[in-house]
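Have a look at this one before I ask anything.
All chains are identified by letter, namely A, B and C, in their written order; residue positions are counted from 1 within each chain.
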Amino acid sequence: MTLSIQALYDRLHLALAVPDDAEIHGVSTLEQAGSRDLCFAEDASQADAVASSAAALVLVGETFPEVVGKRLLRVAEPRNLFFEIALWFVPVAESQGIHPAASVHPTADLGEDVEVGAGVVIDADARIGSGSRIGAGSYLGAGVEVGADCLIGVNVSILRDSTLGDRCVLHPGVRIGGDGFGFRWDGTAHRKIPQLGRVVIEDDVEIGCNSCVDRATLGTTRIGRGTKIDNLVQVAHNVGIGAHSILVSQSGVAGSSTLGQGVVVAGQVAISDHVTVGDGARIGGQAGVVKDIPAGVAVFGTPARPVKQALRESAALVRLPALLKQVERQQQAIDRLERRLADLGGGSSSRPLAPSSEDVVSPGTVSGTETD
Amino acid sequence: MTLSIQALYDRLHLALAVPDDAEIHGVSTLEQAGSRDLCFAEDASQADAVASSAAALVLVGETFPEVVGKRLLRVAEPRNLFFEIALWFVPVAESQGIHPAASVHPTADLGEDVEVGAGVVIDADARIGSGSRIGAGSYLGAGVEVGADCLIGVNVSILRDSTLGDRCVLHPGVRIGGDGFGFRWDGTAHRKIPQLGRVVIEDDVEIGCNSCVDRATLGTTRIGRGTKIDNLVQVAHNVGIGAHSILVSQSGVAGSSTLGQGVVVAGQVAISDHVTVGDGARIGGQAGVVKDIPAGVAVFGTPARPVKQALRESAALVRLPALLKQVERQQQAIDRLERRLADLGGGSSSRPLAPSSEDVVSPGTVSGTETD
Amino acid sequence: MTLSIQALYDRLHLALAVPDDAEIHGVSTLEQAGSRDLCFAEDASQADAVASSAAALVLVGETFPEVVGKRLLRVAEPRNLFFEIALWFVPVAESQGIHPAASVHPTADLGEDVEVGAGVVIDADARIGSGSRIGAGSYLGAGVEVGADCLIGVNVSILRDSTLGDRCVLHPGVRIGGDGFGFRWDGTAHRKIPQLGRVVIEDDVEIGCNSCVDRATLGTTRIGRGTKIDNLVQVAHNVGIGAHSILVSQSGVAGSSTLGQGVVVAGQVAISDHVTVGDGARIGGQAGVVKDIPAGVAVFGTPARPVKQALRESAALVRLPALLKQVERQQQAIDRLERRLADLGGGSSSRPLAPSSEDVVSPGTVSGTETD
């Protein structure tokens, strides 16, 4: 898209003091901007970067210093406004309609302005809402329903009976509706438990490259409205995720677990099966959740525990090697005190004070298990 | 599939006391069942759910209470029988044969009743056993062999010379036969070690969405008979996995490691290279296996260690912050005892008892490293 | 490829004492070799394996013992030379040109000898260098640039404006240029931050199956020259990775982090966002990097810390359960010493020595939290 500075001010309902017909062709960082780019500065520390940038226009905060020779637009939240405007510049190719190299089943029902890429296969009774786009090489199984204005990337698989709401975005390689991982040992082999449920993805969900959402054994695996899922994430059978949650890359949720609304799951987190995570809980990177997490609680570590506790234990662990040595010295001191007290006539103790055979804290062990 | 209750009893070799021609159209949960669904109840705690369910027929245990107005079928293992019957209802579309938009090399050899989806590419000398189905958009490289009655999902890649046994199931996005990750630093760059081996997958193996099994550098990467692999799992070059093992989602096995039969690898486990895991070993979620695991042993944690030990250490760690404080107080007590004993005429100790500079256990340090 | 032993010696500029026209058809392990295979032995411990191997020719070290009836070729580094020769035997099919079932946009620019597989889609203004091969079912978006002699596997997605250097290898299912994971909570929903940057992959980079490299929000996500990435790895938006680094399977690098040259990232490592990892740093398996790592340092654990420290803490943790018991016994000893000293007339202590309510180290707690 191309837009004059005048037109940009008009769209923002702002008055432009000095007329300016220079054109904006895109958005960029201050460092990489060309003379037709819009940029923003976080704060006054970037004043030099603004001065040396080639940008046509820079969004800045209201107290940003003046920069000679630069057109600045002062606003309350330059970063947020920048990304609002940036959305105007996202390249959106015109719909190409149904590619001749796509295979669309005659019983499939495609809405208006649906785009279907080359090599796409759409099976019987699938329904696609108006304005949705299906990327090249993707597969939509029998009975799949895709809402309106969805963007299904290339090489995506959506298996039978899965349903997506409106405005969902699936990035390349996403797999929706694969079989849940369920087997039963019959004494000689793992027998497959048939996976007869389905996947429901509500409105405004986004799912990153190569992530997987398995169908339910019976019933439904559900991703709530507005939830955003990063790349390479695993969502197992019968999981329910509430609205507006976040799952960062390479995290996984095992079978039948339930996440509330507004949950934040950081990267490489594992959530065990049949666990409940309350609304607004936050789970730190690489945590292993093995039991329920109450609403609003932040956890960390494996097994996952409240962040304060995990950090306290982590800090204490750093001091453990020195503690082992100190306790050993204390043992020696106690032994000496005992002996001296006996010399003074204190009599024999009711229980021997020497380390028992259970003790691992002895000088030999110390040097034997340490690594430096 | 549709089946009258009479026909269902007949197939199970059971007598139906009162004739019933009502039809079963599918299986479901008690909560979601319609009037033509078969359900099951785990135990008597679900009696109310049975009473309020619309299900046509409910499998229950032999001591399940009577429920007025409901047709119950009493059996020894209702859950297991339910999933046996459920298998009858798995939708199996009729074979569509070779899709005209597939590219099958003239030297490829396809058995009877093979189905090949749209956009599939089958390269030279590939062989596919009778009754197997290849999903849309999948690729089978030169010399690939697929046994009989396999289900290869959509968007799957099976590279040159890989072989699959009978009745294997590969879910969408599986990659078989990618190059092993092998490089050699030559002083200026990582030189590629050519990957000339292959992958052998035995009968009845199932592999989940977007999982990867790399070809051997030389020789064979092998997945044993009946082993089941979940989504997003990594199996590296020259790995050998025995029969009837289980690898849960996002776990990974590094190069040249060997797993025995009946091994269970939980989610997000990492197994290092050149490690041997014995038959029947069980590896807990997120564990990091860096050395051999004997047969039958259950391990947990990073580095992986016997579960009892790991849990004991984990429980002890919870108490470590308080322990640090207690040892500090004991130090003060010992110092006081020393002083008082000296006052009593006990003489000087053979070794100073004051903490050495190695000690990190001092009040200042305590408050300095804690986080709350 | 087939090569006589004479021709093989000629290519290595070696003289063959006794003429030998036997042919080498391939390379293999000593155990699996047929009579026309080349093998190598690591050291003299494999002398028996050499004797019983059917191999036509075995590369051995200069001091390897003679083996009657076997043709040995003595060289300084048998393993390295073996893999050099093995490269000659990597099967390279002749270029098939542009498959008729590919969809190549008329504005795309393909160099000489480019191969494009069936079902491939190449969008507007894409450029592909001479000698590159694009596997079946792959997608190259608008404006994508691929250098010369690249191998793009099957079912790969390279999205708009991404660029690859020369001799890059992408294995099946790789996703380049997916949107970075960026959202902004506006009080009612996660608003998408548009992802307008791109991905630059320099020369000689190799990326394993189903790995993902996201485009930058603004600017560039960059993978440096000669870097090798394994399967199922995540590289987030705006990450920069230096030359000749290694990322092992299932590792992940979060947004805006920077890795230097020659960094080694082991399997299942997580690197947080906005972190800097110095040249030559080595990060152990499953580590969680949450702050900068200086050049050349080896780290391990979550949170990642120097390997020596992590191992020392890990070894100390093993001894913690026994330490808890020992400290408890010491407490009893101190209490007894106090009492006996008081009996001797030492008077009262300035501070009570009994454990305070903060102490978790008491006999009841010990037995209550242990698991065996």
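Everything that follows uses one rule, which is that a contact is a pair of C-beta atoms (placed from the backbone, for glycine too) under 8 Å apart; a residue touches a chain by one contact, two chains touch by 3 or more.
Note that the coordinates shown come from a computational prediction; the quantities given were computed from them, not determined experimentally.
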{"item": "Contact graph of the chains (line, ring, star, complete, other)", "value": "complete"}
{"item": "Numbering shared by both copies at the subunit C-subunit A contact, with half separating same from different", "value": "different"}
{"item": "Length of the line joining the C-alpha centres of subunit B and subunit C, rounded to whole Å", "value": "22"}
{"item": "Subunit A-subunit C separation of Cα centroids, rounded to whole Å", "value": "22"}
{"item": "Junction residues of subunit B, two or more chains touched", "value": "101, 119, 137, 155, 173, 210, 232, 250, 268, 286, 317-318, 320, 323, 327, 330, 334, 337, 341, 344"}
{"item": "Contact set on subunit A toward subunit B in their complex", "value": "101, 103, 119, 121, 137, 139, 142, 155, 157, 159-160, 173, 175, 178-179, 181, 183-184, 189-194, 196, 210, 212, 214, 218-219, 232, 234, 236, 250, 252, 254, 268, 270, 272, 286, 288, 290, 302-303, 308-309, 311-313, 315-320, 322-323, 325-327, 329-330, 332-334, 336-337, 340-341, 343-344"}
{"item": "In the complex, subunit C residues that touch subunit B", "value": "26-29, 31-32, 80, 83, 86-87, 89-91, 93, 99, 101, 117-119, 135-137, 153-155, 169, 171-173, 204, 206, 208-210, 226, 228, 230-232, 244, 246, 248-250, 267-268, 285-286, 301, 314, 317-318, 320-321, 323-324, 327, 330-331, 334, 337-338, 341, 344-347, 349-351, 353, 355-356, 358-361, 365, 369-372"}
